[in-house]
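Per-chain numbering from 1; labels A, B, C and D assigned in written order.
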């Protein structure tokens, strides 16, 4: 793509693949709205009072149809929004086009290069002369990372005059980040400082981003308040679990059309995401094997009838491999060499370092045959047999299919909206320090409640006597904070 | 499409959407071969002796990647092949292109009009001066129907001089069939008689086509021997059941991205196809309701925890409706009017008369909004709410996704190959009369056996004493003919 | 037990464990009646006309609560009944007591010796001076066997004067049968001939008994008509499948209290019974492995995500072993030696020759520790480790629990009642020859229909146009004879 | 029972049903040991150092086979033990006999009256002149309650001279508690004060007991430290969930032999226990309906395909009702009146106030028919129809079957042993205040790890780089405290 910002007739900036898909995007957005009762309830409840009026929100989160409904909920509540995707393959181009045309500044397309990806992230953070966003909606923490690294570099520059050196790291992606910051320093040596000053806070979507935030909190380097949306029950126990139960087979089917029944499938990691993946594969008739480091999760797997073994035990007998760990170096090229012909290897964790794509690319004599975008067959020279790698090791459900369905994303994103409202409402009260917070349980329960009617559910009401007996308010919250669901 | 036959450089006729997709088709065919051990075993076992040498085979069966592997198995065994699809939406254009370029005469593309569809069927039956096919691979029986109707018309014409009158029927599709036959009569008043004379037999793929064949057998009008492949256990208890368990959610996801979990889904019919659909929906977290006419199938549904009600009972509360009956007039426009907003209505039975599309199209004031090809929203004027209809009421798994996966189709198609071999081998022996036959059980068991190794299975062997004790041969067949599996 | 026939105050013969349990039996019979709508519907429909008036029925079928409801349905239709169990462990003593007191001559108790078992069978066949039964309800075919062996011996005796020699066989049970016949010969050398003359026919309950009948039919030795109840769809696809899905875990739990979740369970055989067992174990959280000889059943198992291996592959790693084959010599003592400590070994097939109990009993140095009745731990001298054998290798669901639940037995037994009615009605018409018959499909469908209301189901009705379209009567039957369900 | 303490030949006190069952109990204890690897590992690790030497432990926890293995683990670690059951129906008499004969002072039998129950509790707390226990293992908190109420009464008595008045409460059970304390006061007005002084702490097993403890902590009335074993992940996410998934159908089958498939089952509450119950019923082929007050749990239910309705919506259509709420007044007599004939009503929550047994007993004209112990049919006069109530509304899995299986109880009880060890080790350090504690995560993970080998699992090991990447120690703990599993 030619990296030049374009403008709509109304003057809003954007960069998307194909603006002619906006109508198609709009039709699918309208379908999604019917499936996202939590977000639509937020519009109904909060729209009239415009509580986000004046808020400039930057989002770095998969630019899908579901995210489009989130964005238009934020704008319906008064916010101005700029957006980029948090994964090079996850944008749905028709969603991006519809939002760019109708609602917010979007910089995202399916199949970005890493260079393009970070350019988009910069653009989403670039509010021009206004200086920066007030709020961030982050997924995986890349927008937050860029600001933190920027501030760090600016401090170093101020002290020592040294600018970041991209050659100081082996990590190709981090080289790009450093180059961006270096170039920014030349323009404005206080760019990220200004940004951080303006920032009221961030709400973070996913396990991996939350892990980064807690590490920064522990190190004392967190620059602004953060709300951990991932650990709302209505996010991690729904989106991570039931979302993946839906989107893993969807991605497998769209990418490979492979019959899951009868196959041996290995799921690396049995957290919420792994549980969803394993359930989906088992239900589809696969024999599932889990790998785990945590004995408790391992025992859960066993209680569900799923054996727990090491990757080494099963690498040459399985047909499908899925990584869900949030850790790195899970499936290495040395594993992949030993797999059966046409074994499928994919990742559904946030980052692309679970599968050793670098090792695969640099394996001597290896041959890559692209079946179709995001579906590659890699053939090893020794055996002439190959493996199928999905989405180049990135999130396969977003790379090869359309990610999680609207209904479950409505749960997640209603938490996001509530978090943004909370941060903005308390922007001057000091309620939130430079720490990581989770939403209170009564809001978590509210998110769930907003989604029951669509599915025809009717709740039982506690009598005052019953509420007293179990020591909870009649209207909730009903569980202690550490309840595990 | 411009209905003109094209030719490859080697002179083979074809008509496909886009010949440039042949390489992509070839890559996916190669992947599919690894998943179709039964067909590949046929190539290995029979290829050297070329038992189909001299056989001209016309196929009318969804022109997918899996069918491509079937076609190339038939050609590997010596046959010449001409092919069309048996559904206007089921062709995978890259598969058609690869076969047209490399192996057989193909006339098929995704999204044919009915006029185009029957033109393709005619072309597949048109072996030029050679007169017609020796063998037919049929799916749903349209090729067989055309020949039977043609012969009937020729007889009438010979007796009375009358030609078929397309206006004599309300059925739009049958009007086209009659016009084709009428036009054929002008060219050659014995065209279909010659065809029938040359024909050694047909092997029929699916429940619906088989039903037609038995009706013709009962009426004494069947013109050539038929092998009922559908009722091989390794077909109907696998393809119909496990194939649909896979491809129903696949079609739903690709067409609508809707979350299945939490929804109420109605499956009309609980035969093999309905069982597969209901299992898939239940496993994905839907609440499933079955409608049935047969008390035995109904009781099976109940034993699986699935209630049996009438469509009227649930029409206004369900989110997803799937027809699987093989019967007609299952979901009428009057039902559709009462459905919830954005209820999804689709059919996975062979023919498109399960859902009252005609009633929908002619409903006063109804509005059709095409979200994307094969996904339409129909809005009723009274309520302003709409329903989502998939694949215009045709087979949604082939219209909206890619049909059944390779492995299960390998079971079905290995039966097809065996049936074709059998018909051709016995072409002059009189073994097969103008009746409908099923393959003997030992061949059915052989088909299954060819698919076990791929899944790592090991069979137990009977000792002679055990075999004697249960009165079966050591090497099988192991079950009486009426065994239900 | 002292083998003396007792009499009720009304003069009916019986021999049961404890008549004081009759009230308890009656209470449970009354509960069962509510769960057996098919049998109760038979009473309502046929009771008034007393169609079995004059019929003397001998039953050899597990004397359980459910069977009690069957017996009282037969008597409600006018029959006189004598009954024994068809398994030494399957009698529920309270059921036997209630029936003996109230309704029929019963000779059965839990824990018979083989000698007692055959004495009971003789008593059930012994109608005194009246000569013998008119009809037999058989399960496994022991009553039928005794008559056939008796007739054979009488013929031999008439020709040669030779009486059966129990020492001519190694089979301990068959020695008893021969001794009984020998002793009978002395009393009346035409005893079994007279019995066979009077016999109108037998209706046989189970796979194993049916197998024997077809063998006799094939050999031309079948002495009277037989109705194969097992192959009614409403029997074999319900009782065998869903009955075992219920009663296998029930038996395991009552016998051993073992946690099924997490365990490795081997199911030998994947027919209807095996399918039910495998489903139950899988659902309870076990990892299931199937052994099979039949490639089709093996492929079904794989499609359900259950691997197929040989017993040798897994014998030392599994925790639970279940035989369901209907064949002999499945788990031999040499397998048992290799099992893990406290592996559970049990059989749910009809006969006790699936597990090599004889090999176990005669294993040098083996030690048997009876935990409780029908639960034994056998310790091998080499290892000091033991295995747990249930019900001495006999039907574990009846030996260790109470067999199949009432509802599913109502399906089976309604078929039995219909079969008995049919045989008796046609007793003089010659409709039934000395062959094996299955009930016609419309009766099978009727049995199913009688069970739908209890579960709240509502059937859809075919319109005449729909019925014509699929060529079936509006009121059924709806499927061709070979339909597999 | 005659409430007189008996003594073994070695002088140990006891009161059990039938000492002759001790051998049978011993055999089953030996089987259970093989299934309880966590407890056996504790014996191996800690037995040699006798860390509980000198500790006097009173247990109030279902006196089952599994508890027997717990008791003998405590004694193997050096403790002296006195035990009672915490439910009038939950004792397994053979387990009680074996322990009484061999290991500890036991006061428990199946079918205690409430008077007997509290007599047993008193006996278990009565260490004679030694004064009282050092440690308590409690389940539901009755032993803890008695001490707290005793202390309260003694304080009141000291201040005012007033003794507790049983007539001051309507609650029949609490009347008994007050009478016991009143009688104790007469003997020793400092009895419970002395007890509390000696007490190092309590470890509490279950949700309900824990709730009481937190209430006392909140009120500032907790008299000694408490470890909340229930909220160890390896307890509540295993025992409560997988234990009930096993024992609910077990209890239903043993009590009623009812076929679960096809039935409509209502599960009140979808916490861990409710989730296990609903899963079991669904897998067995029931249609499950959940009632919930908590919108999050309700949404979980919906995602699993289980509708959420109110009891009123479904009371007249369901066949099976199970309460799992831990709350009171869930199924009232007014509900029961409206149920179908022979609907089954049972409770699997800790206390017996979920089902309105009092309302049932006092319903005018109601008739109780005891089918067998713990299975009663109650017939309403208006309709003449009845319902089946299990275990008089008490824990049906312990009342009608044998409770949870050994393996999952090994997880729970290993937590108990660790908690007892911890309390005793820190008895003088002041580490534990008069508060409620949970065990640290590394011990929770250890409990899980001890159970993996038995199931053949192999854990993956983190590399140091991976551990650093996710900021956890290589050897764990692997999750943050609020992780939900």
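We take it that contacts are C-beta pairs under 8 Å (C-beta built on N, C-alpha and C of every residue); 3 or more make two chains touch, one makes a residue touch a chain.
This one's a predicted model, so the numbers in the text were calculated from it and none came from an experiment.
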item: Most remote chain, CA-based centroid, reference being subunit A; value: C
item: Chain pair showing more contacts of the two, B-C and A-B; value: B-C
item: Distance from subunit B to subunit A - Cα centre to Cα centre, in angstrom; value: 40
item: Approximate Å spacing (C-alpha centroids) for the pair subunit B, subunit D; value: 58
item: Of all residues in subunit A, the ones touching two or more other chains; value: 242, 261-262, 285, 302-303, 307, 455-456
item: Interface residues, subunit A side, partner subunit B - complex; value: 24, 27-28, 31-32, 34-35, 65, 242, 245-246, 249-250, 253-254, 256-264, 283-285, 317, 341-342, 369, 371-372, 377, 388, 401-402, 404-408, 454-456
item: Interfacial residue positions of subunit B with respect to subunit C in the complex; value: 211, 214-215, 218, 231, 233-234, 236-238, 241-242, 272, 291-303, 307-311, 313, 326-329, 411, 438, 444-446, 448-449, 451-452, 455-463, 465-466, 469-471, 476, 478-482, 484-485
item: List of subunit B residues in touch with subunit D within their complex; value: 261-262, 282, 285-288, 302-307
